[in-house]
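Paired with subunit B in one complex and with subunit C in the other, subunit A is shared by the two complexes that follow.
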Partner chain A sequence: MKTRRPVAATLAVAGYVIMIVPILFVVTTAFSSGSTLRFPPEGFSLRWFEAAVTYDPFMESLVSSLELALGATALALLLGVPATLAIHRGKLPGRGFVEGLFLSPLIVPELVVGLALYQQLMIGLGLNNVAALLVGHTALMLPYAVRVTGASLALADPAVEEAARGLGASPLRAFRTVTLPMLRPGIFSAALLGFVTSFNNVPLSLLLQDREFRTLPVTMLDYVQQSYNPRIAAMATLILAGTVMIAVIAERTVGFAKIFGGINR
Partner chain B sequence: MSTAAAEFAGVTQRFGDFTAVDAIDLAIPEGRLTTLLGPSGCGKTTSLRMLAGYNTPTSGTIRIHGVDSTRLPPEKRGLGMVFQSYALFPHLTVADNVGYGLKLRRIPAAERARRVQETLGLVGLAHLAGSRPKNLSGGQQQRVALARAIAIRPRLLLLDEPLSNLDARLRVQMRTEIRRIQSETGLTVVLVTHDQDEALEMSDLIVLMRGGRIMQQGAPREVFSRPANRFVADFLGYENFLADAAGSLLTVRPEHLSLGAPAADGLGLEATVVSTAYRGVDLLVTLDAVDGSGAEVRLQADVRAGDAAELAPGTRTTVSAAPEHLVQLADSGKE
Partner chain C sequence: MFRKPALLMLPGLAFLLVGFLLPAVAMLLAPPGEETSAVLTRFIEMFTDPYELRIIGRTVLIGLIVTALCVVLGFPIAYLLARSTGRWGGILLVVAIFPLLLSNVVRTFGWLVLLGANGAIGRLLTATGLVDDAPQLLYTPLAIVLGLTQLFLPLALISCYSAVAQIDPGLDDAARGLGAGRTRTFWTVVVPLATPGVIIAATLVFAGSVTAYTTPYLLGGSGQRMLATQLFTYASVTVDWPAASATALIMTMLVFVVSGIASLAGRRGATS
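Coming up: the complex of A and B.
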């Protein structure tokens, strides 16, 4: 295959290889019939998948992860969408600053966030770690709620809302029946991105875990340090399958590229 | 005499230091098509938006059917507006777009469906009721926007540059369409445009604006044959501006200038031909002359090609016009 940019093409292929090969290792070892995480694996078996789904710590923490991700997504959207509207449509003084504030969790180190939450919420206010985790994860997802929805809003014609009002809709009614439906793809994209971010999060979840409530990535980290067998590979493969399913849903409904471009057409 | 559907009294709109609309008084006649005409930035769209309720005047009053509506929010004014971008609801079908206002007024489903069909029939789009806006052409989208505004039986129909996004052929077609719809429904229409052909063809009343002020208003024939000032004359395509002996500014249309024959009264000047442009039926002749005040002026005459045989550049001839074709302009129309 002739290409005009052989160097760039080589680098791109190398990039893909570096990203995909480790994942391939994990997935293939999950199907091993042996008891070690060796590559190439010995034999073919599904027993480690059965071992993974019957292992209570994995399953309990999976539920915790899902609860946390769903809760944080809901809160982030409830806060983030109105914030986006205020930033882009309202006459807020210092709009740029407010937007920066909502985007700042992207650059603040998570361990610092975790420590601050621990100090102020858990020790200071006596809240339990679940509340602290919820607050922390919501903060982490706010940038997605604001930026992705914002991109959606910027592309929507403001005259559409005016048209709705001219036809007799109150501002709230116009928002509900016209603006919100137009923002749906943007909100859905923000929700998906946020959900995945929360689910995969390690630093914050690690700092604020306790025996009662622990997320799946943290449990898996713990497991790997104690037992080194294909059960972990199986669990990782299951998570990968879930992620791929979400990506497929995203592609079918909104368009995967649009989510990361934040563009709503 | 028609009564006023809406009135502007001393209406001003200021944005910081910039005055978009400067204390205008205007009466919009009931059941007629009124056009706000002018170049960009003249305040015509701002005036329309104040009438619709999207902008609140800095000072002055707006009355709709005699009621002070200056601070009334748009949803309470009962007006229909067509935006330049059409602003159709992308997530709804054509029928749902047109029925949106009816649904808000709690009109029962059967009656709503009937009125939607009727209105779509009026604009010739009954067959596209189930389509989505993104699948329609520009002209079709515009007609849906029109139907949506008309369906609610508005007190006034407001159109903000409705034809500027259409290609030339469609534009001409839609001018007749809108005029027809207006006379069939008897709606009071206020239209904003920068296109003088549109205004002349469609309007009962033309209001010429510039710099936030009204420069002249009147029926198309009146405004066109008797522009009040230089800005209006210029905007309507008048070419020749000259001063008479008393210093008054005059203008005359190119087709009203005669060459070679001295006029009894009215205009009579010695002129030199600069160039000619042959256009088949007529001939455009550019001439240099000295007007009544002694200033050098360049004139454009539009004569029948058959009448003007010997007009090589440099030829000396006389330019004349009958007194009824000379329009005296009140002032330069400059600020």
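Coming up: the complex of A and C.
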């Protein structure tokens, strides 16, 4: 494959280098025993990993990030899954328009959403920052919830639900025993995608931060402005390890490329 | 299924209205303690202010360069992966998609290690005697372009991959059987059929690049402001609401206009 298409292969290799090499450099410097963020690292040690997990601002904001991501994922599914049912099964008059509304947070730049919520909800209405963050992250995830579960629902044949109803099942029972199992892979994918999106988000979390409650990526951005040492690389490497775990879970369950690439392979 | 399934969307719609749409509109029309006209006035002023124009110009230019790079590097990867049948194709596809899951902050930190004052590239250049003093690499437009290309390449190649994967490899074989060379088959069969996917890829990358915050913040510093970093300064440092809202408006319009042009181009491509 590579020898027969030299130009394409060269460009592809360059692409992989740009995508992957910077990540490898972060990992390498995390194992340094020296005290500056440089390459090649001076010696090997795990001291910066210890420094990262015992550093309170990182650990506190890690907990905040996880709480926020879990809360926003749950809320987005609670609002998004019923909305998806309405869009696909409700025989709505303006179905395309309604779906467009639910997807709209995706097309407005995240920083703009962050500014709107900061200015209007926090400054204007005096809402506290945890509530504003929850609202913002949920709004950001709703498009995923609606689109990904919608894709599952589109594959499910409504006739099966009607058959359950015809056989005497109540609407709720038909939903619980027939529709929900068909939706499960979609809901799972949406939850995983939403969780990762929320956990990694910077623009919203940055504008809606507060000294008491800020997310891990925001704390890390702040840290690198003040100190330039391998502790930050160690924290980044730990996040990388966590992300690999999520990717493995995704691969074992629904299929990694299917969830995150929208690719059916 | 339920008697009125349509009602199930109401909680979600109410949430979107209160938690997203109304604040977004209010942000443009009525920043706290400001006249409605203040945003519009500031918006118009920005197009005559050389400082603002430089930021807008830099944002658009960097966006265009990153878009071009992502298509030029992403399409070959997508093409080779879509046409590969072996086990390696699957593994390389996962390696290419994986960074999408990984925090932007983590991905961008790598460039600090590579391009920084004690960075690998600078040390490599001085050690080999190519230059006497390591050139300033960090806090340059080049650093931002590299960082954004790394960030959005997976997105570009996924869109291209989906497009190329849909093209029947039999068409390649037919063109080759009729005497076209490998290069000619690529340009006359694969590229035209994949164009709608490439347009989607380019739109996503451009929209992402002109609105990204982390990369210009970490790699551009205060000397290489882009719209996103400037917006944050207006909102959080100088607390200049009209300027923040006007910058947000410019950024949003940039994304909308480019998406609009792309969807027109895509439609024309599909009908011709």
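Everything that follows uses one rule, which is that the second predicted complex is superposed on the first by the 253 of 265 C-alpha atoms of A that agree within 3 Å, B and C clash if a C-alpha of one lies under 4 Å from a C-alpha of the other, contacts with A are read in each partner's own complex, and residues count from 1 in each chain.
Keep in mind that, in the parts below, contacts are C-beta pairs under 8 Å (C-beta built on N, C-alpha and C of every residue); 3 or more make two chains touch, one makes a residue touch a chain.
Quick caveat: nothing in here was measured; it's all calculated off a predicted structure.
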### Task
Kindly say whether there is room for both subunit B and subunit C on subunit A in the superposition, answering fit or clash.
fit
### Query
So after the superposition, what angle do subunit B and subunit C open up at subunit A's Cα centre, nearest 10 degrees?
100
### Query
On subunit A, which partner touches more residues: subunit B or subunit C?
C
### Query
Counting only touches as set out at the top, which of subunit B and subunit C does A:Leu79 meet: first, second, both, neither?
second
### Message
If we overlay the two complexes on their shared chain A, which of subunit B and subunit C does A:Ala51 touch? Say first, second, both or neither.
### Response
neither
### Query
Touch check for A:Ile23: first (subunit B), second (subunit C), both, or neither?
second
### Query
Now for A:Arg173: first (subunit B), second (subunit C), both, or neither, which partner does it touch?
first
### Query
Touching A:Pro181 in the superposition: subunit B (first), subunit C (second), both, neither?
first
### Query
Where does A:Arg165 make contact in the superposed view: on subunit B (first), on subunit C (second), on both, or on neither?
both
### Query
Of the two partner chains, subunit B (first) and subunit C (second), which one does A:Met122 touch, if any: first, second, both, or neither?
neither
## Note on the structure
Closest CA approach of subunit B to subunit C after superposing, in angstrom, is 10
### Message
If I apply the document's touch criterion, which positions on subunit A are contacted by subunit B in one structure and by subunit C in the other?
### Response
165, 174
### Summary
Residue set of subunit C touching subunit A in the complex reads 1-9, 11-13, 15-16, 19-24, 26-27, 31-32, 72-74, 76-77, 79-80, 83-84, 90, 92-114, 116, 118-120, 123, 146, 149-150, 153-154, 157-158, 161-162, 165, 182, 207, 211, 213-214, 217-218, 228, 231-232, 235-236, 241, 244-245, 248, 251-252, 255-256, 259
### Query
Mind pulling up the subunit B residues that touch subunit A in the complex?
52-54, 73-75, 77-81, 83-85, 87-91, 100-101, 104-105, 148-149, 152
### Task
Please give the residue numbers of subunit A that touch subunit C in the complex, ascending.
1, 4-5, 7-9, 11-12, 14-16, 18-26, 29, 36-40, 78-80, 82-83, 85-87, 89-92, 98, 101-102, 104-105, 107-113, 115-121, 123-124, 135-136, 138-139, 142, 146, 161, 165, 171, 174-175, 179, 196, 199-200, 202-203, 206-207, 217, 220-221, 224, 228, 232-233, 236, 239-240, 243-244, 246-247, 251, 256-257, 260-263, 265
### Task
Enumerate the contact residues on subunit A facing subunit B in the complex.
157, 159-160, 162-170, 173-174, 177-178, 181-182, 184
